[in-house]
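Below you'll find a set of structures to go through.
In what follows, subunit A forms one complex with subunit B and a second complex with subunit C.
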Partner chain A sequence: MPTVSMTVNGKTVSRDVEARTLLVQFLREHLNLTGTHVGCDTSQCGACVVHVDGRSVKSCTMLAAQANGASVTTIEGLAQGDKLHPMQEAFREHHALQCGFCTPGMIMSAIDLVKRNPNPSEETIRHELEGNICRCTGYHNIVKAVKAAAANM
Partner chain B sequence: MYAFNYHRPGSLAEATKLIAANTEAKLLAGGQTLIPTLKQRLAQPGDVIDLGGIAELKGIKVEGGSVVIGAMTRHGEVASSAEVKKAIPALAALAGGIGDPQVRNLGTIGGSIANSDPAADYPAAALGLGATIHTSKRQIPADKFFTGMFETALEEGEIIVKVAFPAPKRAAYQKFENPASRYAIVGVLVAETANGVRVAVTGAAPSVFRWTEAEAALGKSFAAGALDGLKAKADGLNADIHASAEYRAHLIGVMARRAVAACG
Partner chain C sequence: MTAESGIGASVRRKEDRRFITGNGRYTDDLNRPGQTYAFFVRSPHAHARIKRVDTTKASKMPGVVAIFTGKDVADSKVGGLICGWLIKSKDGSPHKAPPHPIIALDTVRHVGDQVAVVIGETLAQARDAAEQVQVEYEVLPAVVDPKDAAAKGAPQVHADAPGNLCYDWELGDKAATEAAFAKAHHVAKLDLVNNRLIPNAMEPRAAVAEYDFGTDSYTVWSTSQNPHVLKLLLCAFVLQVPEHKMRVIAPDVGGGFGSKIFNYPEETVCTWASRQIRRPVKWTAERSESFLTDAHGRDHVTHVELALDKAGKFLAMRVDTHANLGAYLSTFATSVPTYLYAPLLAGPYTTPQLYIEVKGVFTHTTPVDAYRGAGRPEATYLLERIVETAAREMKIDPAELRRRNFIPPDAFPYQTPVIQQYDIGNYHASLDKALEMIDYKGFPARRAQSEKKGKRRGIGFSSYIEACGIAPSAAVGALGGGVGLWESGQVRFNPTGSVTIHTGSHSHGQGHETTFAQIVADKLGVPIENIEVVHGDTDKTAFGMGTYGSRSLAVGGSAIVKACDKIVAKAKKIAAHMLEAAVEDIEHERGVFKVSGTDKSVNIAQIAFSAYVPHNYPADVEPGLDETAFYDPLNFSFPAGTHICEVEVDPDTGIVDIAKWVAVDDFGTVINPMVVEGQVHGGIAQGVGQALLETCVYDKQSGQLLTGSYMDYCMPRADDLPSFEVGMTTTPSPLNPLGVKGCGEAGAIAAPPALINAVTDALGIKHLDMPASPEKVWRAAQANRPRMAAE
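Now for the complex of A and B:
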């Protein structure tokens, strides 16, 4: 079994895993970081989005071995102690979640989009969130939260 | 997913040696098609060779009027590249319309072209702009590269190294996309090049193809009106729950006119 090593939320981790292990399985089942969700498992819904070397990716469509040596950030790595990341805070403030299942992926995608578009329009936010699906259809407040967070990031 | 042996070569030479020793192995580029295929157990390779660790396959250069893109360059990098936006804005826009941001952060140009998906965007860019595909063995003009549905001229053990796009005088890509997958139901790239007008159609047929009647008409007069009365034939076009062959034939004309208009 190959040894996979990476930095996850600032900590170096190393595990011997089967080559077919997906990044999301590595995070959830080997590191017990269950904040990253599996929704559709077919690269469409975005519940599994994490950052690999600063870029948002769908961790259900990447092998853990492909992230060997990379720096990975998950939803668990955003808050600083008790202080939420501005995007998390904005989601709470604007009631941008109902059931909350899509929220970790939404937040990880939203942070990446604000990094690339520091002052995004509503249209840009909606377009950039194409890879994330909310089955509660709570998009309206999600867009509001992303816009508000962009001003505080 | 079935189990496999994983390899991560650090150089093109090492990768070609690995694939030559095991022609049943699968090459892993961005994985946005291969990994879903493996997850559904539609393929069972004994070995997977990950090209992600090969620096010489990455990067974008402008060389003598051509944009040269390394096979492992991500769609998002092409879409946001200042050099590509300047030299061939239609190419940057096409890359920026593939899938969603997360797919664009992993998917690669080499993977897309090697896969030759009938509904993929990059084949339209390669064929429409008259690109040259540089492989570990030779150079293949795009006109000879795409040979059928998921079929290319690539031989066993041949690896795409880079794709060179000559900058056209002007070009534009327009697609009628599936709203869920954002694959092209029909996509048309129109380019006015040094060697005449080229019109490449993706999504409509088993493989990307050139609409030669439209090229002839636009060669005489490069205006959307030059295509009036010209109809693409429905024979042999794809038909599925999203669009019939007749509807796709109609869309080819609509997208071609829009692309000409977008050329400005």
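Now for the complex of A and C:
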């Protein structure tokens, strides 16, 4: 089995895994970082979005081996100690989540979109989040939260 | 403190901390020592005889622990899954209930029907071995459409349901309805389809089942909306396990929308198999499996007629519906197109006569059961489409026609001709507010402006009512329901004054951990941060009935209020002793117990401490401060309201742009406006999904599911939807102690007719079946160009 090494949430990790192991399986099953979710099998839903070298990636679409040597950030790595990331705070403040299942991927995508669009319009936010499906909120409050977080990031 | 955290405050959710930090605990996040993985071999055919299942090669694959087929299950005397609601046909005969085996024995009846289960040391090994299970099928003809299935000569789904008919049911007075039609000035008619939907909660269904040989007992973690009901079904009806030997835990559950109410084959197989192999068994659906096996929703084919007098007063309505039940009866399948549907066709109107016929039909498709709204969206779509059609045909303003027929606010309680007695409402108030919010008067100008851009603008109304807070047990029993629908609530004070609430309701996104805590904060003055809500574990909570039908607050919340009342009654006795006063002189307000007319008082935390450290304590009072209440509602609750939307249609592309959406709902008392608005947003999004984007398509010849992934089944994305304007009117329900009605399903009920009314208005056409996809809209726009000559 190949050995895969990467930095996850600031810590260096190394595991022997089957070559077919997806990044999301590596995170969930080998590192027990279960905050990253799997909601589909066609790379449509976005529940598995993490950051790889600073860019948002659907971790079900990437082999763990492809992330060898990379720096990965998951939802568990966003808060600094007890201090939440502004996007996490905004999701709570604006009731941008209900069941919470899409939330980690949604937050990771939203952070990336604000990095690239520091002052996004509603239209930009809606367009950018097209790859993350939420079945609960109707997106109304997610859009509000992303706008609010953009002002605080 | 309660002003910011009690009833009516938009308290930020207590549960969010774990969800926004990746610390939620969903079923698939759990692993047990020695765990194995189940992978199901599923039928690729809609209808076939199983001639042979050969597991020889598969069982030699690496990591295979066991392989079970339908024969293994049958040999161990496992029962089939049951449907818990008895429907009687017109002739009095009970509905046909063919066997629903947890693994198919000799026939498969829909694509995805399970044929075998492979259990492996790893999921990859189980999946690899499953590919080597060889099944020989004799493919048989299939039928997927409910009207086709009811036709003569259609392929038969079950030998013991001739004509594929599960039941032929009716409601209402046929003769009186016919007589009213004979006197009508105008009759509006429509044929329409309520399109089949696939629920798609974002968390796929999953189960981990563990059998403990030492205690001969089971623990099952499952993505369930009602773990107690699942336990009852697994124990008493399917696996014949005593209830005290099973614990069912529904941990964090990622959305349900009805699809996680039911007892499915998969968690049942895992539970059974865990005993066979004496190791834990885990199964998580792939999304493709969710598409194939989660109970689908809607799927009605209907003819409706509405009779009106010259002034536009509704005289009578008649409805003929074919409802698709799928290949097997899911847990509550029979009730959805009957008692959850037909009584709601009275709507918010005074229509004096209704007659509804429903044929429940088996087809070679996935079972169909409750999906957000369950029967009520189907009723509301029908009613609000036919009302709109009548308004256009009689050239009466659609708002005015509704107003003329609304039940007046002073007519409550109002007995409809079809079972329900509405407790309270003010439908005019919701309509008026919605008209104001959307600026109805300004619509012609906005339409003209759109036309200048080459677009067509339309406006659509939907005035809905729903029956929820389900439900009074006696009423449900009289209608054929096989369960009681009360709820339990326990309020347990800890010695230092903090509170643990146990509820039989289950939150899978609704925010009970916050709103239920608000109730106790409000009633007993406990700071909300000192209150914890426990749910979803049959070992931690008294029996409960779970969450569906917008029932959690009206029924479960009321149980918590009753438990608070018991706490107060006991606390008064303790306070009287502490304050050396008579019990009847103790007054209570939000956790402060005071001797009437004095400034002597103790608070609930002091009383709780005294109750657990009863060194100086009344002799006739038990120690402890922990009360449980069971609440059975007196009636359904009846939220109602009006949604209005405006669309702009591009006739060149067929794209429908939602320009404006106004929702005005009456949910009675609102505990947390932020949470309620969130429920409305999500409901509208699902309703818009049905009306504009989503539809489940089966190939008519092969019975293959053509919309089996997110690439084929169009889920609403952020850029498909607008922001919504939400308003409220309030008539508190007089029938429960909180005055609440329920808000979870309203959006999904109200939205589809509003949208289709707007699209057909924009296009100047009578009808367009959902979803109003660009192709359908474009064709309609091309066929109907230019707009009506009068404009």
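The criterion applied here is as follows: the second predicted complex is superposed on the first by the 151 of 153 C-alpha atoms of A that agree within 3 Å, B and C clash if a C-alpha of one lies under 4 Å from a C-alpha of the other, contacts with A are read in each partner's own complex, and residues count from 1 in each chain.
FYI, contacts are C-beta pairs under 8 Å (C-beta built on N, C-alpha and C of every residue); 3 or more make two chains touch, one makes a residue touch a chain.
For clarity, every value in this text was computed on a predicted model and none was experimentally measured.
Trainee: A:130 in the overlay: touching subunit B, subunit C, both, or neither? Say first, second, both or neither.
Mentor: A:130 contacts both subunit B and subunit C.
Trainee: Go through the superposed model and pick first if A:111 touches only subunit B, second if only subunit C, both, or neither.
Mentor: neither
Trainee: Touching A:57 in the superposition: subunit B (first), subunit C (second), both, neither?
Mentor: Only subunit B is touched by A:57; subunit C is not.
Trainee: Could you say whether A:18 touches subunit B, subunit C, both of them, or neither, answering first, second, both or neither?
Mentor: both
Trainee: Would you sort A:6 into first (subunit B), second (subunit C), both or neither based on which partner it touches?
Mentor: Neither partner.
Trainee: Look at A:102 in the shared chain and tell me whether it touches subunit B only, subunit C only, both, or neither; answer first, second, both or neither.
Mentor: After superposition on chain A, A:102 lies in contact with subunit C alone.
Trainee: Subunit B or subunit C: which reaches more residues on subunit A?
Mentor: Counting residues of subunit A touched by each partner, the higher count goes to C.
Trainee: Output check: A:45 vs subunit B and subunit C. Expected answer is one of first, second, both, neither. What do you get?
Mentor: After superposing on A, A:45 lies in contact with subunit C but is clear of subunit B.
Trainee: Do subunit B and subunit C land on any of the same subunit A residues, and which?
Mentor: Touching subunit B and subunit C on subunit A: residues 18, 20, 41-42, 44, 130.
Trainee: Quick one: in the complex, what on subunit A touches subunit B?
Mentor: Of all residues in subunit A, those touching subunit B are 2, 18-20, 22, 41-44, 46, 49, 55-58, 61-63, 65-66, 68, 109, 112-113, 116, 128, 130-131.
Trainee: Please output the residues of subunit B touching subunit A within their complex, sorted ascending.
Mentor: It is residues 1-6, 8, 28, 31-32, 35-36, 38-39, 48, 50, 52, 76, 80, 99-103, 105-106, 180-182 of subunit B that touch subunit A.
Trainee: Report the residues of subunit C in contact with subunit A in the complex, numbered from low to high.
Mentor: Against subunit A, the touching part of subunit C is residues 12-13, 15-26, 28-29, 124, 200-204, 252-255, 257, 286-288, 508-511, 674-675, 677-678, 681-686, 709-711, 715-719, 721, 723-724, 747.
Trainee: In the complex of these two chains, what residues of subunit A are touching subunit C?
Mentor: Touching subunit C from subunit A are residues 18, 20, 28, 33-42, 44-45, 47, 74-76, 78-79, 84, 88, 91-93, 95, 97-104, 107, 122-123, 125-127, 129-130, 132-143.
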